[in-house]
Amino acid sequence: MIFITRRERFNAAHRLFRPEYSDEMNAAVFGKCSNPLWHGHNYELFVTVKGNIDPETGFLVNLKTLSELIENLVISKLDHRNVNLEVDFMKDKLASTENLAIGIWNELKDAISELGADLHCIKLCETENNFVEYFGN
Amino acid sequence: MIFITRRERFNAAHRLFRPEYSDEMNAAVFGKCSNPLWHGHNYELFVTVKGNIDPETGFLVNLKTLSELIENLVISKLDHRNVNLEVDFMKDKLASTENLAIGIWNELKDAISELGADLHCIKLCETENNFVEYFGN
Amino acid sequence: MIFITRRERFNAAHRLFRPEYSDEMNAAVFGKCSNPLWHGHNYELFVTVKGNIDPETGFLVNLKTLSELIENLVISKLDHRNVNLEVDFMKDKLASTENLAIGIWNELKDAISELGADLHCIKLCETENNFVEYFGN
Amino acid sequence: MIFITRRERFNAAHRLFRPEYSDEMNAAVFGKCSNPLWHGHNYELFVTVKGNIDPETGFLVNLKTLSELIENLVISKLDHRNVNLEVDFMKDKLASTENLAIGIWNELKDAISELGADLHCIKLCETENNFVEYFGN
Amino acid sequence: MIFITRRERFNAAHRLFRPEYSDEMNAAVFGKCSNPLWHGHNYELFVTVKGNIDPETGFLVNLKTLSELIENLVISKLDHRNVNLEVDFMKDKLASTENLAIGIWNELKDAISELGADLHCIKLCETENNFVEYFGN
Amino acid sequence: MIFITRRERFNAAHRLFRPEYSDEMNAAVFGKCSNPLWHGHNYELFVTVKGNIDPETGFLVNLKTLSELIENLVISKLDHRNVNLEVDFMKDKLASTENLAIGIWNELKDAISELGADLHCIKLCETENNFVEYFGN
């Protein structure tokens, strides 16, 4: 069993809020992250997959294939986008880093199985001081 | 003559566009950065000041004072804000990294002179691959 | 189950030595880290907590609350301090990175439970080449 | 139980290819990594060991000893070398990051046991975007 | 006058040696960098250009255009290549970081002028500890 | 003219204070940096030299020689030391980053001239947020 990680990046706008809250309530719960006019981040995404090495190639998975899969299923939906308004898999969800990491897991899990590996971890860094890890359950 | 640099950070949303352009024209000129629903960045700001060391303290400037000045004049206006809509010194300007660096220079120049130093450089990093430097003329 | 990590930093002096050893013996066992006149580090601390997402907020824990808790219980005791002489939870302990990580775990464990999460890992980086991880047993 | 990690670095040339493949077949399977005239990397190696703290020293292992052991058994064989042609433990293996991580594990495992600790993980970073982790089975 | 920097990366093999030297002489002058079987690096390239902001776009240059230009004129010739054997602009030159930085300058200078900016600096990082800067004369 | 930079690191304890001040006065002027029981840092030192490339070697200077020179003249005096009490070239000086950068410049300037290059800049980073640059006048 070997683990391989691919880093990708995207820049997006988001806002933390509940639509049924007043602006004051949102500010009290979510602080400056609830700014109704949005803010944004340079997100760093680390996708870790695990499995056995193919003796023919010495690879667990071809990293070019893995990178293209992440680009097609995740980055193209998030990069230079508004997480709250434009991302299908975040519809009706709070745009927290936690929920975003789980959403990315769900987008990738089956497609990575088809590559012959298992998705192990989604690590999503919002700033240099904050990151989330999700292992699927 | 000695040079001291203080790093500060802010997270903001922005959009590159000209209001008189159509959406298609904005997309052609500014690419995905023109998304009408915004995107955002973790900006890194490096403020470099220069001058002579005070023999009493061994300091050019007290970095705590410099950091508070940058916080009050710049970071508090930009962090978790929309650069296009909420930042007084960017009003009616294209929200490019170039213009933002110049705007920050103008906010800080006189206040740093009052500390007894000269503003030397504003370096503003938009992503790990792109940054701008402005030296005042 | 989701994992969230908050990074904090502190700058401190320390020394590795046993008081019952001679200076020569301390130098033989601990090398230049035993310098009786101290040395110091920029420590990086990564606190990882785990638990379930609150559906009301989309958060595992509010990171502002977590950061303040780490500041109050740990950083305020260590930053710009002498680990051997001034830190209550390190009293009578060797000031190794290993012991410091365990000490920080003990300071934080119960307080993080009160936030509704479980402390998962203390990662403490002494230099860019050395770090320690402690998972509580 | 505590975990300690030591980072070391080496710069090496390598090539991904199977000798029984044609150049066209190697290019199809391994892409530009199969260039017959080689390419190279600044590899970052993170060696994580685990075990109990020695109450006499406050250490799991002496990091100077661990660093010298990694230097002698691994870095001296890889640094400024050709992974395909000059590294005894990679002979007749595909020079993938996966295989290199496993080769390094095998070089270090017993020697670390003799230090009184257990090898826990070999993390090998090929670029800022790609890394492999191996836990020994 | 504003300065903009774009970072690009390439992975390459090289060797430092003079063909008229013996292997012993090359080892004495160039150390392990003269290994006849090559070694390699993850090079980081920072291209800094300067000029005036276009009031229509808020840009000095379009960074997508600049990135494509660097890709076409420099990265495509160096990435996953052997600097000594495969790079036209390094033919018959010692493959030192100094000479490589000057070679990259010469490849880019005129093309950047055609974009309406001036090439200001080529910064080329060979490792995290070593880098070269060239300003054109 | 080409510029080459070598990075070196050292870990040291220090304190900012004036001996003729009371503890209260030192705390008012220097803040927590005046702690009488010391604190410390992982300092990063970037030494930039400039000059012409030797056509025989392709080098401005041999970086191994430059690194050994910095080690002998600077790092060996500072690493795991107390800047206030143990460093000859800082005797009777305030141990500020500014003064330390100038002290390092004076230690290195003539020795670098003997290598056939000119010292251009000492950049000294105290934390990830603060650094000083000195160009010699």
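All chains are identified by letter, namely A, B, C, D, E and F, in their written order; residue positions are counted from 1 within each chain.
In this text, a residue touches a chain if its C-beta (ideal position, glycine included) is under 8 Å from a C-beta of that chain, and two chains touch if they have at least 3 such contacts.
On a predicted model such as this, the values are computed, not experimentally measured, just so you know.
Listing every chain that touches subunit A and subunit F alike gives B, C. Think of each touching pair as a link: the shortest run of links from subunit D to subunit F has 2 of them. Its C-alpha atoms fitted onto subunit E, subunit A is found rotated by 180°, rounded in steps of 5. Each chain gets a centre from the mean of its Cα atoms; for subunit B and subunit E, those two points are 29 Å apart. Touching of two or more other chains is recorded for residues 128 of subunit C. Chain contacts here follow an irregular pattern that is not a line, a ring, a star or a complete set. Contact between chains, per the stated criterion, is found for A-B, A-C, A-D, B-E, B-F, C-D, C-F, D-E, E-F.
Within the complex formed with subunit A, the subunit D residues making contact are 16, 18, 29-31, 93-99, 101-102, 128-135, 137. For subunit A in complex with subunit D, the touching residues are 1-8, 48, 53, 56-60, 63-64, 67.
By the touch criterion stated above, subunit C contacts subunit F in their complex at residues 9, 11-14, 32-33, 35, 37-42, 79-82, 85-86, 127-128.
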